[in-house]
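Below, subunit A partners subunit B and then partners subunit C, in two separate complexes.
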Partner chain A sequence: MVFTVYFCFPSVFVNLEDGLDKMGIPVLLHLGVVLVLSPLLLGIIGKTKACLTGRIGAPLLQPYYDIGKLFRKGNVYSTTTTWIFQAAPIVCLAAVLVSSLLMPLGGLKAPIVFWGDILLFAGLYGLARFAMVLAALDTGSSFEGMGASREATFSCLTEVVLFLDFIILSCVSKKIVLSEMVQGNALTSWHLAGPALILMGVSYFLVLLAENARIPVDDPATHLELTMVHEVMVLDHSGWDLAYILYGSAIKLFVLGSLLVNILIPSYHLSPFMQTMMFSGGMFVLSFGIGVVESCMARLRLNRIPQLLIGAFVLALVGVLVVLLKGA
Partner chain B sequence: MTFLLYSLAVLTGAVFLMALTARFRRISGNIFLFSLVMASVLGLFSAISVLVSRAPVDYHLNFRMPLGEFFIGLDSLSAFFLLAITVLFFLAGIYGYAYLKDDHKRNLSVHFVFYHLLFISLILVVAAKNAVVFLMAWEMMTISSYFLITFYHEQKSVRDAGYLYLIAAHAGTFCLWVMFLLMGQHAGSLNFDQMSMSAFPDTLTGLLFVLGVIGFGVKAGFIPLHIWLPHAHPAAPSHVSAVLSGVMIKMGIYGLMRLILIIKIFPEWCAVLLLLIGIISGVGGVLYALGQHEIKKLLAYHSIENIGIIALGMGIGLWGQLYHNEFVALIGYAGALLHVFNHAIFKGLLFLSAGSVIRSTHTGEIDRLGGLLKYLPWTGHLFLIGAISICGLPLFNGFVSEWLVFRALFEGMFHFKMNAIVFSGAGIIALALIGGLAAACFTKAFGAIFLGNSRSIDNSHLKENPWEMCAPMAVLAGICVWVGLFPFTMVSFALGAASSIYPIKTSPIAAGTIISPLLMVVVVLLILIMAIAVLTLLKRISMKFLAIEKSLTWGCGYSHPTNRMQYTASSFADSILRIFRTVMGYSVAKGSSHVVEVCEEFIFRPVFQVIKFLSAKLKIIQCGYTQWYLLYIFVFLLFLLIWKMV
Partner chain C sequence: MWLEVVLIIIVFLSVAILGNSRLKTIIQLFALQSVVLSTTPLLIYPSFHAIIIAIVIAILKGVLMPVLLFWAIRHVSIRREVQPLIGYATTLLLGGVLIGVAFLISSKLDLPDKGISNLLVPCAFSVIMIGFLLLVSRFKAITQIIGYLVMENGIFLFALLLLEKTPLLVEMGILLDIFVGVLVMGIVVNHINQEFGSASTINLINLRE
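Let's turn to the complex of A and B:
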């Protein structure tokens, strides 16, 4: 049957073989950049918070030391758990890592570009979340079950907002390809769809905070299990598993943040060097911004978080309406 | 075609043989298995040959029936549904044979006879080329499935569920009779081919479409016509639930597609209606599923959700057809069709593994179970594959069909006018929400049943079910992975079937633009698998040099945790249901949560109460004297006579 398909659509297979030859090195380069740079964002956020609260704070490279330390530690596994508990951090890290392949990073073009890659992008995050929620339930601990339940709840809402933002972007750029959506005609579209893009930026920033467990949705430094969301899900993980999880969340912040930077800074017409500079500057400003938000806000009460996310939903919805009315 | 006729002949022969040998368990069981394998293989051959050659085949029988002729045939659309039917019936049948083997109280051959009758009637429904044959097969399907549902008839709840199903199905069939008679009256023939050649006026097409949506929608389980479904599916034995949910409710979808194929041009609001039904059924189905505490009831509500996704694909396809946008129409229909097949596979898998859990533990209450993955490893891991598939996550088949539906909706946003853009956008949002909620629901179900520790059942004596039950599930899981990682064959089949609904030539370029992004998806997924392998390997190697300890789950300082302290499925779902509490009547009382079935309680129950009240008033004419009844007949004849004369 595969042969039938082969005879019907030989062009498909030829394209694939062409693509695969050129793909290898860019993929590895992209993965390398993401792996090396992503924990730096956490360092910048930490440093910003320390500066704003009048402390010297941990060194900029502290997240690297933390992850490195965990890689040298042994593991403790609960007797209740199954292989799912150990597989989830791996799936989670692999999924967010692979999702970065769809995202252009400054002068570095996305190595894999195809129609509808945003759907796969969202799907990979869904897979990572599915694995982590199952790992939390695998321990049989009521605290971790609680965290898993909250994670599942909030992610339902963030996913909807994410897709609304995708709708705005695809209406503005008339594309459903991540690379082309974020850079296709962002500069020209700022004149036409500026208000919609700003609304989209704000709602996406809220999604970014919620997805990455930042204040005001979740406090990564809290010490009370009852109020945690993401942290409480990984209470039982240790050693390599925990290192994978921390690394995964750093990459997630990096990739989701780079989408925001790509949209808000239209740099596609510049030279690759300038693009990279603009992109790095944007990422720095973004992590500084997150640090500022974290320094001057407290964590919201848990039952307020759905309201915050529904607020983001409404903002994005208004953005869609603006785009549609302009377009019509 | 001859293959299909042989297959029907084998099944019919087996029905008679099993009826004759009903007393001899062994013999009738063997006849069942043998005929099932034969018929499925023959049916599969005929479906695949039509799908590959794309040449429809017909068969006339020289046998006059009232109102028409016995006329059956297979085109790509029928063949696609036939594929799903044969695969699922074959695997669920083998499972069912093993599932019921230890049940010595009941006469199993009767059950097997009705199973075969349902198989025959489903084949006839998709193969019928004449409205009378179609309706007869439809009726046979309803009745044989009623007897399958009421297998455990000594329980009152099962009898009630069966009765509700029978009423709902016949109310739907009534609409179908009206619809087909109207169509036949206008076209001058009850053969589908002749019908599709005549042009229907605008006013009539709207009416026909509404009748079709009600008649077929009852079977498919569109909200608010779904109320029979969550009662009937849990009542039936698991392999029957798998077949009912996997393929029988899809006959409603098949009917609607056949209706669209015949009439072709509808008013625009029909597409709006389908999209709205899709959104409401999809989101409503998964929300109700979250509120369920019984595994099979939860799965039954998920069938409604998936029917909603299929309706979304069909709605956008119909809209594309009305705007003469062949590309959108093709992808929309292909997405809907592929989801029909995928849902048959993963829902079949989930129902079979749920049945395996129930057979081992004798309960389906999610909050009593826990930790079964260690005791039922096959069932558990296969359930996990089904769960990931149904959530539409990458690596498995659900992602592929939802991807197609998403694509059709996004393309709709670009190519259509304002109103269509709004509804496509709403469809995208609904599909995203469905994805998130489904993931929450299946992490809840899998986590509570298979992970953690048992909450109130003693797991220690449990053992895995026999291989005859695990093998069919493993095959279904294999199909999930196959379609998820190598989607080309099934997508091209679905495209072929879709192009038979809206007759256009699928140009190789159009098909290439649909399939080549999917190929890139596969490339990314292969990179994902490689990444997982590398990370696993790194961890494995380093683990050799590091200390690994075993200990209890950390209780945050509490030193004597018990199993009853674990988070339950109800509390897991609570935080989501609270957000939607006003829409679905969610309440927590005395430590247990409850969801009100709004359509059942506030629409159908009052209506039926009024009907009951009125029919009680009619009792006065029923006095019990034969003379009176003769008088009624006489009066009625007189009335008819006068009617004729005037």
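Let's turn to the complex of A and C:
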């Protein structure tokens, strides 16, 4: 836990030396909002899926109960594993928490803003994935190794699309800072660069589904051999570690989803209250949309997933071409 | 701005057609593309002429041709393109390259500027290229028909530059030709199927007495 605090709050430690100045409180507030609200998205997705299939479904707060239940349990470690296996969930959770600090959430400004922070944003997700892949290999199970190799393969494809989307965004807003990119001139950007933003939105949504192991790419609901990408990597984790991983993936969905909402719903010029309302509404619609996608699609066959991601790549490429052509 | 959004949706739909293997979905996507396409004359040059073209295209390409193609696949009972010449992922990548080429070519073209949108020509070229790619990379006759029709949609987009100058009669003649072409191809698909027991055009590479 000390590790987590250390990873999560480096800026707090730095700033505590100068007294609790402007930096500390926004960071804590931001982290608090992310930590409290992120499992709710999974709850909304689950409820949507249940409603569309005519069931009552688990309560909206079920992800909180799940995580709480896991925190009450102890960890079980295999004798073949090393410290890597125990560190990975913490690194994973810490990386996604830090990435959330770069993202403006409705009326809350991003606490950490510096030039070129999109590279850090993408790199933190790379770090989280790297830690999980190492932990999966560390178990020595061939089954988990297979899942790790698949995760690594698909992430090669999603990261290219993510960066192409960043290129589109930075060309449209002429900024290279994440929170300025998504808010810079978003209200006017729909008139100037609507076509490119549509292409970006579609390709980024596919990346969002792939990164969060949602349905056309991976099935988060089962832990059997059918889901051989993300879920298989966490089979050996238990107790606190599994809770960290579940919490981490909920936060990842929240942060990556809020990027999409921030881009597609221009609310920068409104009052903070209205911004927050727009943002919450956008997040609700997004998780509802993911639930609808999951209800009406089956998981794709494994060899068709690269095809889907290459499709996303082509769309992002066209978006870049359009932006370059329009010179927006 | 709406014109550009519509153009991008048309390119998006042709990429989606390129990446799909189910014939039913491909035909539905084509119908959607044609309906979206039919709004472009109205957005560029709103007039009586444009309204008639829009209605005719929406009915002919959005309803009649898909119905005909659905009839054809029901008759020959094929569901999906089993063995494309090039894999789907490669085709999609090639499609991306071709779209890039289309944008490059159209930036070199010295067309008289009509002040419509500088996305119109690149998008038209992209759709034509993707239609070509569908034509050459698939074996099933139905997919090839769709490729031809997607290409024709691209040519129509390109011809929008000359919308004011083209007499209505010529446009109608072109549309009638395409319709008859698709009708004939639908019947040909049926005959290929009766002759060889499958609708794959790979059976047509040998000459026989």
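Just a few scattered comments:
Please note the rule applied: the second predicted complex is superposed on the first by the 303 of 328 C-alpha atoms of A that agree within 3 Å, B and C clash if a C-alpha of one lies under 4 Å from a C-alpha of the other, contacts with A are read in each partner's own complex, and residues count from 1 in each chain.
As a working rule, a contact is a pair of C-beta atoms (placed from the backbone, for glycine too) under 8 Å apart; a residue touches a chain by one contact, two chains touch by 3 or more.
Note that this is a predicted model, so its numbers are computed, not measured.
In the superposition on chain A, contact is made by A:D138 with subunit B only, not with subunit C.
When the two complexes are overlaid on their common chain A, residue A:C171 makes contact with subunit B while staying clear of subunit C.
Once the two complexes are laid over each other on the shared chain, residue contacts for A:L206 go to neither subunit B nor subunit C. When the two complexes are overlaid on their common chain A, residue A:T82 makes contact with subunit B while staying clear of subunit C. The wider contact with subunit A, measured as residues touched, comes from B rather than the other of subunit B and subunit C. Of the two partner chains, neither subunit B nor subunit C is touched by A:L253.
In the superposition on chain A, A:P306 makes contact with both subunit B and subunit C.
In the superposed model, A:I112 makes contact with subunit B only, not with subunit C.
Applying the stated contact rule after C-alpha superposition, one finds that A:A152 touches subunit B and leaves subunit C untouched. Of the two partner chains, neither subunit B nor subunit C is touched by A:I290.
The contact surfaces that subunit B and subunit C form on subunit A in the two complexes overlap at residues 306. Here subunit C touches subunit A in the complex through residues 1, 4-5, 7-9, 11-12, 15-16, 19, 88-89, 92-93, 95-96, 99-100, 103, 107, 118-119, 122, 126, going by the rule given at the top.
Interface residues of subunit B facing subunit A in the complex, by the touch rule stated above, are 48, 52, 370-371, 373-374, 388, 391-395, 399, 403, 406-407, 410, 413-414, 418, 421-422, 425, 428-429, 432-433, 435-437, 439-440, 443-444, 446-448, 451-453, 486, 488-489, 492, 508, 511-513, 515-517, 519-521, 523-524, 527-528, 531-532, 535-536, 539, 542-543, 546-556, 561, 563, 565-567, 571-576, 579.
Here subunit A touches subunit C in the complex through residues 191, 194-196, 198-199, 202, 304, 306-308, 310-311, 313-315, 317-318, 321-322, 325-326, going by the rule given at the top. Within the complex, the subunit A residues that touch subunit B are 1-2, 4-5, 8-9, 11-12, 15-16, 19-20, 23, 27, 71-82, 84, 87, 90-91, 93-95, 97-98, 101-102, 112, 114-117, 119-120, 122-124, 126-127, 129-130, 133-134, 137-146, 148-150, 152-153, 155-157, 159-160, 162-164, 167, 170-171, 174, 176, 225, 235-236, 239-240, 244, 306, 320, 324, 328.
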